[in-house]
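Given below, in the form of structure tokens, are the structures.
You will see subunit A twice below: alongside subunit B first, and alongside subunit C after that.
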Partner chain A sequence: MSPRGRGALGWWGLILPAFLLLTAFYLAPIIQVLAISVTEPRPGFGNYERLFTSESVQRVVFTTLRIGAVTTVIALLLGYVLAYRIAMAGPKAQRWWLLAVLVPLWISVLVRAFAWVTLLRRQGLVNEGLLAIGAIDEPLPLVWNEFGIIVGMVHYMVPYAVLPMLSAMREIDPRVLAAARGLGASRGAAFLRVFLPLSMPGVIAAAVLVFIFSLGFYITPALLGGGKTLMAAEWIKLQILDLIRWGLGAMMATVLVVAILATLAVFSRLVNLRRLFGAGG
Partner chain B sequence: MSAPAATTGHALSLQGIGKRYGEFVAVRDASLEVASGEFLTLLGPSGSGKTTILMMVAGFVEPSAGRILLDGRDITALPPERREFGMVFQGYALFPHMTVAENVAFPLRVRGLGRSKRDAKVRAALDLVQLGTFADRKPSQLSGGQQQRVALARALVFDPALLLLDEPLSALDKKLRAELQEELKALHRRVGRTFINVTHDQEEALSLSDRIAILNHGNLVQVGSPEALYERPATRFVADFLGKSNFIEGNAEPDAAGITLRRGAARVLARGEARGRALLSLRPEKIALLPDGAGEDNVVEGRIFAWSYLGTGYGLVVETPDLGPIRVHLPAWRAAVAPAEGLPVRLGFSRDAAVAVAEDRPAAIPGGAA
Partner chain C sequence: MSQSFHEDCAELARRATDRGALPRRTALKALAILGLLPAAGGVARAQRSKDLVISNWGGLANEGFTRNYGAPFEAANPGFKVSMNSTGPSAGRIKSMVDSGAVTWDLCDSSASSSRVLGKSNLISRIDYNVVKKSDVISEAFALEYGAAPYSFSSVLAYDSAKFPNGGPQNWADFFDTRRFPGTRLLRRDALAVLDAAQMALGKDPAKLYPLDARACLAKIKEIRRNAVFWNSGSESEQFMRTGEAVMGIIWHTRAKVLEDESKGRIKFTWNQGLLQAGIFVIPRGNPGGADAQRLLASMLANPEPQVELLRFLGNGPTNPRAAALVPQELKRFNPTDPANAAQQVTLDGNWWGDNYTELNQEVIDIITG
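Then we have the complex of A and B:
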């Protein structure tokens, strides 16, 4: 074996422990899930047929897609404004802004979900406040429904939307914006024709990230949905732990994995995901 | 764009403009007239305020004092997009997501020009900079020189009142820079517009400009044609920044043809006006090595302290007992002797070679307006 070949083998050797760990505890269970979906309760594609025949399964799929899409759009809009504000701030202010964006990430998702419950429930701060100023006569149904889920999920997702968009915005040469103004573009035209298109790779990356996260969300929908609006993850838990229908749960899990891979495949053709998720270059 | 020269240029007038950032004065009370069709260069070291002046003209920086007039109309408060100035930015600032043609079409698009008119103008502008065949490329697929020409086409396509250039050639290597200097000069003649250029490169300023405005520490030090500035620098800074110079200090007396400067036992005949303590600027290339017996207005004896061969000539440092170290530039093909360290030499220079200059005072603004 050539010395170079031996060197390469050494590097593979370094990767080996992590590779084995991932195979044993991550890849193997996923393959097992895939297997269960076509073997339980009896071998065949019976579980997958339910995707086309069972109304309740379809409802879960569409609810998940709808909530994921709405969450993505709202998180992107809020995140874009935030990222723009941060990108335009001075270096010192930028650090404070970033800290403010990141702090929620460090708080447990459970704590945040319960915080939203206390804010949004019938006797919560929001409803009490609105009643007190006479804006409403009846408490609004703000939680234990789709609205509550979306509020909680958007709150969770905004930092994930901000970060890729901010990194794309930071790569925009400020002179290019000045050039647009100098060549006759108003502020608005310079934004629409130059800044927005140049920040688009960041927007797409953020969209992919947030949408994929949203599809598999569990705790927030479980707590803020109050068991009435079921998203895929909670439905899987229901099937496997409560109804002991392993095959059906595994089928939905597989559908989720496939949906995520499909999303990634489509968008990796549009933008360089490697670069946007921070792989340098 | 192909309209005859002289009718298309516009005149700019800066009246006592200044810019402060808190305590820091970036530009102090600068007044300058730029004539229609003129190529004016703002020249100075970094931090001299030249870019700040350009940015105030462009409208990106608001002056703290003074007024800016275009053909007599006050434009001080006008935002950049309404000034109708073409601008070539440092590093070109081409739009990376647009093709060359889209870049050049941008100023026309934001002005709402129709498609057919736009296409014709874009084609004409690209032909003007000889990039007609590159219309569909992205800026990243072009060389630095080509990007620079796209930036020029984009800045000229909408028939701007003025063309502002912020260090347009600084990102290019030396050889390309010389080439594009000539192109830029030819382009200026062709389009007949008023060009205002910013640079720290004195060679670029000398070769391109009709007039140069020299800045130092936020002050406009001297304005004039390249020849005038080189031959009659007003201050030590101008003499030193534009070309190289020896400086000789002494006591000056006016005489019949100029001044006589005394320094110890030595006397130097020079041009200009001065009385009392004075400073002379003496260009290294205006000094000759005299053969035995030859005379000159001024003759100084000394020994070669150091020398180097520069291709076009020899650079010598001659230590003279009378005037201290003197730098001399000799054309290699005319050198009377082969230089050697310690070699005794006689230096000669005419009265015209030495000119009295003022010491720099922070607030001195001689020759502010042309």
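Then we have the complex of A and C:
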């Protein structure tokens, strides 16, 4: 073996304990749980068949995907505007902007959901305000429906959308914009044909991050949905803890894991995923 | 199922003590008078104690159950120590414990339908009715094959009387009648008690309610789902009523009492056609205490005084036939098993529900979320 090969082996040896630890205490139990999906109530793929035959399973999958997609789009739009504004601000202003983006991240998801309830309910601030100025006659149904869920989820996800996009925008050399303008592009054209394409890796990274997070939401839909919207995470809890249909619950968990891994696999070919985990830039 | 009734009771009582509405000492003093507090535990400690563990849903249930279920048993059986575990014995947790062969609970605060489901999967033990006395409960519904109930609760119709100046809804037919009584309804996101109410609204004789006509009941839910909000936890149900999101609801009697007290009678509730339910305790298969768990359960059913204390403390209704007479006058109105109240209610059939719960609950959830 070449000295170089031996050295590499040594490095691999160093991560061996961590690898074994992860396998024994993380991967193995997860696989054990996911395996229940093909062993209960009887061995076979009966639980997976329900993906194609059961309307209720399909509804949960589609509801989860739909809410995840809508949340992602809105969070990206809001996040892009914010990230753009931050990237263009002076260094001192940037720090304040970033603080404003990060502070909500430190507030518990429960507190934020309840805050939205207080604002959006029938006798909440928004409805009372609109009634008082005569804009509406009847309180608007702003919560206990999908609208409320999406408001809550977008609010939660915007910081996660801003950060990867901001890091991508910071990498863009401001001189290319100046060059575009110098070559006769209008402000709009310079943005659309130069800045936007250059920021796309950040947009895709943010989309992947937000979408994957959205698939697993539990508390926000449970609190703001008024019981009428069921997403995958809550559905799994229902099957495992209350209905003791572990096979079905494990099936949905497997589908969720596979969906997330597939999303990651597809997009890892498009963007540098390390950016997601803070190694970007 | 969402948050369970027992979980909710504990939370309610905690809030009451926090406000000072329910002095902690009341219960202690009452117990001391009744001679139920173990004097100093000297005898028990001298010998090697045998441990029994009751699994509950936490909060003040710990305190309430320790004093009213554990202490009387310890006093009568020197050498035993009853302790609480409050991780919440959901059906899924009981299954995982029994499946893995590492059972640490002797008695679990479960439910009638879960006891049937778990029993059929061979995950819990049958109740030994040579030890547990069927004569210690007011009706069959509280002594099932796989579990027995030392307490009761009820799902009742509560309404905001300010919204109905010409008289509020008095039964489930009124509840489902959105033309005579307009406004948003509040239902539990669960099949239990909700379908039973729908069946009564359909006009079936409450005395012969079971088996439910599931298709018709589900269709009835479908009728009002657009005009309804759904609760998961007891506190949520209270919040929906308090903030005027809903004008009437099917909620637990404990929450209805709080709302009535707090709103000074504006939010009212009726026992009429309420669904009386059993707080069923089950014994997981392979429990560490073995047959002694049956003796503990027997003692919980046999002592009416602690059950009355629990009514005062957590709002749970007694199930012992001698208990109702011991309830002080001012509490009688809030006791689900008081003869006057019980006569107006319908006892939920735990066995029928045990056989149908899993499937029907899924269907109810499909309708609600559809």
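What we mean here is this: the second predicted complex is superposed on the first by the 253 of 281 C-alpha atoms of A that agree within 3 Å, B and C clash if a C-alpha of one lies under 4 Å from a C-alpha of the other, contacts with A are read in each partner's own complex, and residues count from 1 in each chain.
The rule is simple: a contact is a pair of C-beta atoms (placed from the backbone, for glycine too) under 8 Å apart; a residue touches a chain by one contact, two chains touch by 3 or more.
Computed from a predicted model, the values in this text were never measured in an experiment.
S.K.: For A:R170, select first, second, both or neither according to whether it touches subunit B, subunit C, the two together, or no partner.
M.R.: After superposing on A, A:R170 lies clear of both subunit B and subunit C.
S.K.: With the two complexes superposed on chain A, say which partner A:R95 touches: subunit B (first), subunit C (second), both, or neither.
M.R.: Neither partner.
S.K.: Where does A:A185 make contact in the superposed view: on subunit B (first), on subunit C (second), on both, or on neither?
M.R.: Only subunit B is touched by A:A185; subunit C is not.
S.K.: Determine, under the contact definition given at the top, whether A:L230 touches first (subunit B), second (subunit C), both, or neither.
M.R.: Once the two structures are laid over each other on A, A:L230 reaches subunit C alone.
S.K.: Quick one: subunit B or subunit C, who's touching more of subunit A?
M.R.: C
S.K.: Which of the two partners, first being subunit B and second being subunit C, lies in contact with A:R66: first, second, both, or neither?
M.R.: Neither: A:R66 stays clear of subunit B and subunit C.
S.K.: Touching A:A222, do we find subunit B (first), subunit C (second), both, or neither?
M.R.: Second partner only, subunit C.
S.K.: Does subunit B (first) or subunit C (second) touch A:V194, or do both, or does neither?
M.R.: After superposing on A, A:V194 lies in contact with subunit B but is clear of subunit C.
S.K.: Overlap of the subunit B and subunit C footprints on subunit A, residue-wise?
M.R.: Shared contact residues on subunit A: none.
S.K.: Could you please specify the touching residues of subunit A with respect to subunit C in the complex?
M.R.: Per the touch definition, subunit A meets subunit C at residues 55-56, 59, 63, 121-123, 144, 222, 226-230, 238, 240-246.
S.K.: Which bits of subunit A are touching subunit B when the two form their complex?
M.R.: 173, 175-176, 178-186, 189, 193-194, 197-198
S.K.: Give the list of subunit B residues in touch with subunit A in this complex.
M.R.: 58-60, 79-81, 84-87, 89-91, 93-97, 106-107, 109-111, 154-155, 158, 164
S.K.: Any idea which subunit C residues touch subunit A in the complex?
M.R.: Residues 1-2, 90-93, 95, 117-118, 121, 189, 225, 229-232, 243-245, 357-358, 361-362, 365-366, 368-370.
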